[in-house]
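You will see chain A twice below: alongside chain B first, and alongside chain C after that.
Presenting the complex of A and B:
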């Protein structure tokens, strides 16, 4: 049941599962803050999962759009006194436009050249952030970002529980959007591009325009996650826009499995919880992540979520036979 | 900025540029030969720099460091190719990128585990610690030695590529590996040789750079970024492109860094994006 690979239904069992998990998380995890961090990265990873799993595009630039969302929302909240909701929406919209613009250029190149271009864009974003230190705070980051009510005084985000509820709501909305796209006609074209772009083009689809739209959407998701990160932390750390952020999002997407949107939640959850538990026990736990990444690429192509779904399907078949 | 400073920065840039060339030439060679994008290339530079640090600490001799560092990188490259990377040749390039990226991550973490995340100084060898007078200009002897050593290596490499059998096979392989293997040449051994050679050269770059910039665990990632810029600007797969790209990036970065350091990096990655969009074959590549 890898929704991105074969298409699927909306809503289905995983929709319910993700919704239930989002409700249960703050009770299952040792702290609400950890749950908040998890959903922020789940949305960010969703942008990588969507691009890689549905369209077949590997982007080292998703950290750039995450960072753009983080900085735009930070500046709007700090300098312009916007409510939290408009600031988050504006940041996501800005990242959508920026990603669409860059995609307009980037889709001219394919394969390795596309990956290299996203990498160059990501590095330009980071060094532009350092160069514009009057706006971004440079290496110190953007400190003291307030957390105003959602809209014109209504909906105060007092306490970590309220923040989690807000972030989890956004994460669920992002999941619904991506799952819905996965089984829409638009999603079918994106799937066709991943399987064989030349053939999709021969069928009469302007594949470039579809790829631009998909990249812009992925930018929106990453930007949304960046803005959620700012709301969650109350400041913007410079590593929000580093190349390392792009790499982390790719790692999460691969570990979870890019075959279905739920993989993003599994991958981000796995990474964030590993980081929380292992970083105190063994600071070099990233070494294990490296080994796991190799193992997944070589032996478990669909990641943890995809592997689990495959196992489930096999068990079901065995039971029917037995 | 006075003319004197400008000349000094250009000279500095040429030295750094030669190191960038050594760093990048293996990456471009391996891509040209097997369309393989090696995200672990920066890790080879990192390992040699740390080996150079340890060797110069133990023996006090930079010459040993320059020998042992590249050797360690070549061994690492060979081991990685034999045990892991060759399994990914038949996979899509995304898989190769992810696996080599994971190798780079593991190497970086091992370095932090063995040492610590802090930057360390590597002393310049005694006999090169002075300055030389180049006409009216004063120039550190070590930087001049770096230029001399890397220019000699570049010349040897060029001779090896143009005049030896292995070089001919490498050049033929970058045209068509299939044809080469049809001619009865074991391409897998050629791939291994390319990894060993590329690893040793990246290692030499790391060992030479260690006294100039010190060592720290994240220098591999930084070097990988620079190597990509050099390779793309020069033209992926091109030896002369790597040389030209390395020198160009070295000089631009060095001159820019004296008046707008953040802008220097912004500019070189901007150049990378521009070349990819306007002329993906690079300056010296065949369009």
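Presenting the complex of A and C:
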């Protein structure tokens, strides 16, 4: 079911499927760290999928909020001795506010102009990071970020398995939140805005406010993913806030399909695994991703996940008939 | 003679300019509460522009609009809905990919306090809203097609849905922009009855080209030509007005 398009139910079979996949991933993949990387990017992609699939907003700025979350959590963990959980929560909250503030400007424009504004934000973020070299470490990144226990000395993250369990738990929470929103009254307004914004306004919805709220929420998701990335790596690489990050997140969202939140997990999974596999075979593997993206945009508009669901529905119908 | 009640909607000295082009000039209009007030005029007379100004989609270059004595000239469209204004559109304007029932539910939800912001539970939680959807489906004659994708409705069905959505907010005043355009003969009759039954409980402002219907159900008619009101009065007076005949109605009357 393309849950963002029609509403769907919560919880449904997909909820169970995503939960099961998160449990199975470290056993299925060659390494736990690969599984961790996958869930981090799944949450980051979820922020693009949510904006694009439910609200119809294309943002080239999600890498900025990813980077903000990464740096804010890094600084809090390194300089202020916060526990992992409060640092992650603070980073997500900070990104939520920053995105809300920028959305206040961005929603004044629509279509291409909105996209250009988000692009400009992402660019500014990278140069702000370079300018604030004393805080961010500039081009060297923020190194030596500790990985303290979750909360006040309890819940040590010893070993990559514990880290994965923590990150997968956050990813599942993020998924539940987005799926819940997708079939809530609030979600129905966002869906209405995507379909026909002028009509939604004529019905009495202050569409700007709803778009600001949605953008802030997407900022929260991206910021959460950035903080998860910091916890995962133990440092903040400068590419966490590069423009290319924004680009990568959109590519993952489109590969997976923006019609349902599960598409973010499929898209991020596909990209991360392809990168892991192809990069050992050919250093120019990104070209293949380009080809794949073209193929999906031309022939599989709903992405890998949406295509699979469509196929499943067709098979079911055929069986009922036969 | 009893003093006339103050108008529910009043516009004074409205003007709209698009660059050098004057779409509306010096439009003054009063719509009495409970009236069915039609606005007619040839294509390009500025009828829809006037609607857009009255409902807040467009800011006038000059003049004011008041609703029940309150100046609403600068209020955006979505705020006016909450004061009891609703409209339908000349070009069908619905959520084509959603079901007919969901279109109506969205229209009801829009004026349901904080409900549009609720994100922690499902949409179907309130039985009161479901009852309202049922009632609107009945009123618009769409009860048997509630689960249809709205875009799959016939043209007449989509026009009926438009009106249903305009009524969902339980408005005091409804603006209907050519609700009968393109309808089949059966639908025209049914929709005409629907519109006529709205008054006097609600106030209706109607743009319509179907003169037979307008002359039949309107209490009062304003004629616009080239962005200016050229006549106003009850149907009989408009029918007899020579200037109106020249400007618009032609010999067919």
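The rule is simple: the second predicted complex is superposed on the first by the 322 of 322 C-alpha atoms of A that agree within 3 Å, B and C clash if a C-alpha of one lies under 4 Å from a C-alpha of the other, contacts with A are read in each partner's own complex, and residues count from 1 in each chain.
Definition applied: a contact is a pair of C-beta atoms (placed from the backbone, for glycine too) under 8 Å apart; a residue touches a chain by one contact, two chains touch by 3 or more.
Note that the structure is a prediction, hence the values are computed from the model and not measured.
Colleague: Now for A:105: first (chain B), second (chain C), both, or neither, which partner does it touch?
Modeller: Touch status of A:105: first partner only.
Colleague: Between chain B (first) and chain C (second), which does A:207 come into contact with in this model arrangement: first, second, both, or neither?
Modeller: In the superposed model, A:207 contacts chain C only, not chain B.
Colleague: For A:186 in the superposed arrangement: first (chain B), second (chain C), both or neither?
Modeller: second
Colleague: Just checking: does A:80 make contact with chain B only, chain C only, both, or neither of them? Give me first, second, both or neither.
Modeller: The answer is neither, since A:80 touches no partner chain.
Colleague: Just checking: does A:254 make contact with chain B only, chain C only, both, or neither of them? Give me first, second, both or neither.
Modeller: Only chain B; A:254 stays clear of chain C.
Colleague: Regarding the shared-chain residue A:316, is it in contact with chain B (first), chain C (second), both, or neither?
Modeller: Touch status of A:316: no partner.
Colleague: Show which residues of chain A both chain B and chain C reach, each in its own complex.
Modeller: In chain A, nothing is touched by chain B and also by chain C.
Colleague: Under the stated contact criterion, what part of chain C meets chain A in this complex?
Modeller: By the definition above, chain C touches chain A via 55, 57, 76-79, 81-82, 87, 89, 93-98, 102, 105-107, 109-111, 115-123, 165, 168-169.
Colleague: Considering only the defined contacts, which chain A positions touch chain C in the complex?
Modeller: My answer: residues 5-7, 9-10, 180-181, 183-189, 191-192, 195-196, 198-207, 210, 213.
Colleague: What part of chain A is in contact with chain B in the complex they form?
Modeller: Interface residues on the chain A side: 52, 58, 105, 108-109, 111-113, 115-117, 119-121, 123-124, 127-128, 130-131, 133, 243-244, 247, 250, 254, 284, 286-287, 289-291, 293-294, 297-298.
Colleague: Spell out the part of chain B that touches chain A in their complex, as residue ranges.
Modeller: 31, 35, 37, 84, 87-88, 91, 93-95, 97-99, 101-103, 105-106, 109-110, 112-113, 221, 225, 228-229, 232, 260, 262-263, 265-266, 269-270, 272-273, 276-277, 280
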